[in-house]
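Chain lettering (A, B, C and D) follows the sequence in which the chains are written, and residue indices restart at 1 in each chain.
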Amino acid sequence: MVSETKKSKIDAIIRASRLIMRMNQANPASPKSEALYYKMLTSYYTCLLNAHDEGKFIAAHTVFFPSEILYAMDIVPMHTETTTWMMALFLGEQAEILSAGAELGLVPEICSPHRGLAGAFSLGALPRPDAMLWSNLICDNTAKSGELIMEINKCPGFYLDHPFQRSETEDKYFLGELEDMICFLEEKSGQKMDWDKLSKIVQRMDHQMELFREIGELRKTVPSPFPNRGFLQLLTTDYLCPGQPEAIEYLEALRDELAEMVRERKGAVSPERFRLMTLFVPPMYLMGFLEKIGQEYGVVSVVEPLFTRWAEGRLDPSQPLESVARKAAMIPERRSMYGPLGQEALQDLVDCAEQYKVDGAVYWAFMGCRHTCATVKLFKDLLNEVDVPVLTIDCDIVDPTINSEAEIREKMEQFFELLEDR
Amino acid sequence: MAIEVTQSNAVMLPTLERFRQINDAFPKTGEILEHKSKGGKVFGWLCTYVPEEILHAAGILPVRVTGYSQEMELEDGNAYLYINNCSFSRSCLQMGLRGEYEFLDGMVAGSTCDGARRLFDLWQYYIKTPFHHILTVPRKYTGKAHDLYYQQVTQFKEHLEEFLGRKIPDEQLINSIEVFNRSRALLKQLYELRKADAPPISGAETMEVLNASFRMPKETFNRWLKDLLEELSKSSITHKGRARLMVVGSVMNNPEFINSIEAQGGLVVTDELCTSTRYWSDPVVVEKGESPVKAISKRYLNNFPCARMVPSDERFNRILNLVKEFRVDGVISQIIRYCVPYAHDLPLLRDRLKEVGVPVLALDVEYGTSGSGQIQTRVQAFLEMIEARKR
Amino acid sequence: MIVAGIDIGSRAAKAVVMNNGAIVSSVTCDTGPESVKTSQMTIARALEGTGLALDDMEYVVATGYGRVLVPFANENISEISCHARGITWYFPEVRTILDMGGQDCKAINCDAEGRVNNFIMNDKCAGGTGRFLEMIADVLNIPLEKIGEAALRSKQAIPFNTICAVFAKSEAIAYLRKGVSKEDILAGLNEAIATRCLNLLKRVSIEKEFTITGGIAKNQGMVAQLREKVGLEPLLSEDPQIIGALGAALFAEDRCRGKAAAVPAKVQYGYSDGTGNYFITIDTGRCDGCGECVPACPSGIFEVAADDNGQLKARVKEDARKKLALLCPGYEVCLSKLGRNCHTVCPREAINHTW
Amino acid sequence: MRALGVDIGSLTTKAVILDGEGIIASSVIASGDESEQSAGNAIDEALKQAGLKKDDGVFIVSTGAGGKDISLSQQSKSLTSCLARGVHRLFPSARMSIDMGAESSTVIKISERGRLNDWVNQDKCAAGTGIFLQQMAKLMQMPLDEMAALSLQAKGRADITSTCAVFAESEVISHVHREPPTPKEDIVAGIYYSVVSRIISLCKRIGIERDVAVTGGVAMNGGLVKILEGELGFAVLVPERPQLVAALGAAVVAQESIEKGISG
């Protein structure tokens, strides 16, 4: 086992995000929310970095995990996929991490963030967790990630089983799973669940979801005020700090800024020529490029149905655990990526195209993600019916060696030409 | 250097030929057409977590949905499921899209893995089979998981009853359980024969039997299999190889693939596949006072697990037991590319087998492959490696 | 003891002739379209000037892609085993082998005796193989033998996005058109290939010492890239391309020494007459000459003697061979009368009867 | 003002000149190392045919792999858009077109107005492209047209399962030297079939819609087109000079620009 303090890369992430935060603060033109976002990141990772020194219990978990419960139990969460991305993004260490994953014997067909996170653990780049938590929300990769990591870290683990469909019995089963997980955590960490705290987190989470929806509404205006890279930040916020004061602070500031821009009829790009729907996630390492090409061609992503469309509904702080379960069902990703593909999710896609006045859609077909790619054709058929052309780009979301910027630029330019022609 | 066979078996084992004919004719087998012509319904099922007894008790002929028995350009499959879903699901979908499963009156799947559930999603949209059902299959073995799965099986039964417009009585279910258990017991007998030093049946031949078991009425299958066992007991044929091998992995039902291993002298004595051991290994046990549906749901969730289940050690332990029982010298893991559950388990499984000194050959294959030259080279090298170790 | 190993690869055919543990000659020829002809031509070239003929070979082992089509070979063994065996001749300490040939690339992990522990091969796509480099050499108009040196002169390797053998070629052409130097193009390709190889190696686990075999190991540019990517100094033999054939020759020697019988040899004694088949088979691959069967047989038909390789093996006595049915009542009869027979006493299950 | 379209492909460079009536001149030359120069030569050749001089007022639109970075043209347009325009000009009923050039295969969908609606191209692997066919022809030691003619006589079809051009090569070799050897025409049919199945796979990704046109150099390969038709189950439209379609489309774009009054 590698000693974590020697090799863990968390402090490097903190240094990087703190640097960006300072740069933002120093630049009067930069929106206040930017600095708040990096402040949120800094505090999340500082907490993680110091956890073991402060005698705290670290629970590593996969994506879409109800970390509200961890916060309420005063357990320090570590979002494994996001943290691995951060390393890749800020420190440019994809190659090393992915190759460590290969060394464990994980074949290239496995989703790269998951190959990467196993690799990161085996390198000792992530702090050693005291427990590993994982679930089948959202896919087979998340469902299978846990056991290898338990073995690498020699730590206990809990697998949270999400039922596939929704019905009374299935909801009950999930609630039971959450209860069992709390028992597991109480036993392993020696800490108790603080129900009042959970209730407060749920209340803030409810507010947070409202903020997401408000931001979504603001993006419907022409021109859209929200920059292309912003979408990743929204995701990270929910992944890392659900119902946390830092998240609320950032999102409120962001909402106010966007509202202000809408009032002033200012767009994120000007002039705004094409409004895009983004399907699945663009490669993380291309965020800067997308920002640039957006400015160049007047293209702005206005909606990401698979990632930013929260289902309707409210949470009830007086029923905190039920609310945590309910939130899981409202996660945008869950509606179209997990569970049987219902008419409702498909209709929503079409509605989005109309409500957001979308000119075209770009489907980032991430080759590691099987179930999203399986919908490429279906979504394309549906969107074509309402006259929205769809560009599909095969890519890898963290490994820049799969396709070059030039190649993607070429495809996108061609697509803009197509849009122009119409 | 192939496995040594003492005699050609065509004469000795006429029933094996009959099984082979069923497989060659699939999906247009006489048995399926006959059932249809008598006004019977035929349903397709996708995964070993679909309780076949329920269909059988309803008078339906259950047929396992499989893909093309060859490696090919899956034009339709690629278009609809994209190229990164396992070629098994793409191959099945392609057969479906090309109308080769048009005789199906229903399609039943379980939420087993991403590939299977997406295949089901698209089947629902693009291939309009009259009846569709997907069961939520929990990934755990806890009491709560059993309760949930029991509920799911009950709901499935109710959905089916509604579709058929009649009830499925418990007596029918009990009868079906008996038929299926008999089938399982007979298959177990067949596998017992393979424990011998020089078994009377090869791995590729066993696969023919298994394939036929998904594609014909169980009653007939049981009769035939009994005949085959009889013939085997009288036959003087023996098979001997350079090493005793076990094939593990997801789905695989092309006997040619096993044949290409056996052509190198590796005798396949047992396996751990969706299309074999995982299909037949555990019987349904109806405890006193228990409803047949409960007994069925219990068996299906507790059955020899797929890599989707947690903890994986349940599966690993079963594999280790088989390795011991069948005196396995080496394990060939064949994983269809883009099959995530099995690919994720491989590093751990390799470690477990290493502890007991059993080497693993990992092959990434496409569904339907019959074993290319490259695969044969690998198998040959693997056998040489096993022999070198024994020395 | 004169033996030969022949490796019919996808791009080149190699042969090694050995006499009592010393290499007599070795050759490398192009692989023609017909494996049979290629193999005959290759062995003929290898024997040229040695004063030896094909008939003098006691044992020939074939390996490589065309191994099953060598008419004069006594046995075929996969190239994976042969490379591992061959490299021990030079470097017994090698644990990790990267074999880079014409159409495939293999990473092998082996032990001190050249026994393979684990291996992995590329498939589906020939990008990054010897054939690929040949195409590039062709495009750049540099002789294959010179591409290694050329790459070493590069100052700034250019990044390649594709590993498809055919497309990399056109990408290379495009770079040429843009005026990028041939050296830099080669270095860029080598880097892309080395990355792929590293991934293969990682999947079998990299241990010291490390070697590269196969024709591409002659390409210094490639070797330099691999040295850097893998982070280990590869041990290189003087002709890495013949390692497979050398391994095959070493296996042939082993066979001659009877270390292991090539085909599990079975010796049959007996006859058939109007009343039935009377054969006793002794599996000499299994028999270790323990002699348990000799006293166990009430008719005393067995004896133990040294075989051609000087190993002790059981056999049926000369004078008993013609009258087996008279001497031996059948093993089941023995068992029921005496409670034991030659089958039950043999610890290695080497004896079989037909009656 | 005349409209000139130039398509700089990886293998050949094509130029087409249009006036109000129709095509007045065209040229096909081998692409050289320099896109600029290839384009220049093709343009000069076409102008010569038309009896025109550069300063006679031509508006040039370039397209193709090398079309973007040349200074000779007043405008550049992507290959897919030009193909759509070109095909629409020739076959207004075509809703889909398969373009098979040397190093890429592109399938496009065309709206009723002749605009590009959707496209997909063969990426990252040479299987199923013209250059693959050329390599195979070299291997079979016969010219492309002879090979095409031969395929029409095939009774069977050799199995060529490898998708990688290099591996397919060794499959072909093993067919040639099999005992008894697979008939040459069957091998050729097998090769064509492997290309066709890839192409159809591409088509299916965006959904096949009739009528279908086939363009690019490979469309001159009658044998392949026949197999393609067989697999599609209906006849396709093949222009008289399929190689020129993209250049024609570029010329159409040039004409539109002239009409809109944009000039260089």
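As a working rule, a contact is a pair of C-beta atoms (placed from the backbone, for glycine too) under 8 Å apart; a residue touches a chain by one contact, two chains touch by 3 or more.
Predicted model, so just to flag it, every value in this text is computed and none were measured.
No other pair of chains has as many C-beta pairs in contact as A-B. If each chain is reduced to the centroid of its CA atoms, subunit A and subunit B end up 37 Å from each other. Between the Cα centres of subunit A and subunit C there is a gap of 51 Å. Averaged Cα coordinates give subunit A a centre that lies 43 Å from the centre of subunit D. Shown for subunit D are the residues in touch with two or more other chains, namely 163, 205, 207. Of all residues in subunit C, those that touch two or more other chains are 65.
Residue positions 105, 377 of subunit A each touch two or more of the other chains.
Shown here, the protein chains touch in all possible pairs.
Taken together, the subunit B residues at the contact with subunit C in this complex read 1, 197, 242, 359, 362, 364, 373-374, 377-378, 380-381, 384-385, 387-389, 391. The residues of subunit A lying in touch with subunit D in their complex are 377, 380-381, 384, 389-390, 392, 394, 413-414, 417-418, 421-422.
For subunit C in complex with subunit A, the residues that touch the partner chain are 159, 161, 195, 198-199, 202-203, 205. Remark: subunit A residues 104-107, 109-111, 136, 139-141, 143-148, 151, 159, 161, 163-165, 167, 169-170, 173, 176-177, 180, 340-341, 365, 367-371, 373-378 touch subunit B in the complex. Interface residues of subunit D facing subunit C in the complex, by the touch rule stated above, are 10, 33-35, 103, 124-126, 129, 131-132, 135, 163-167, 170, 173, 176-177.
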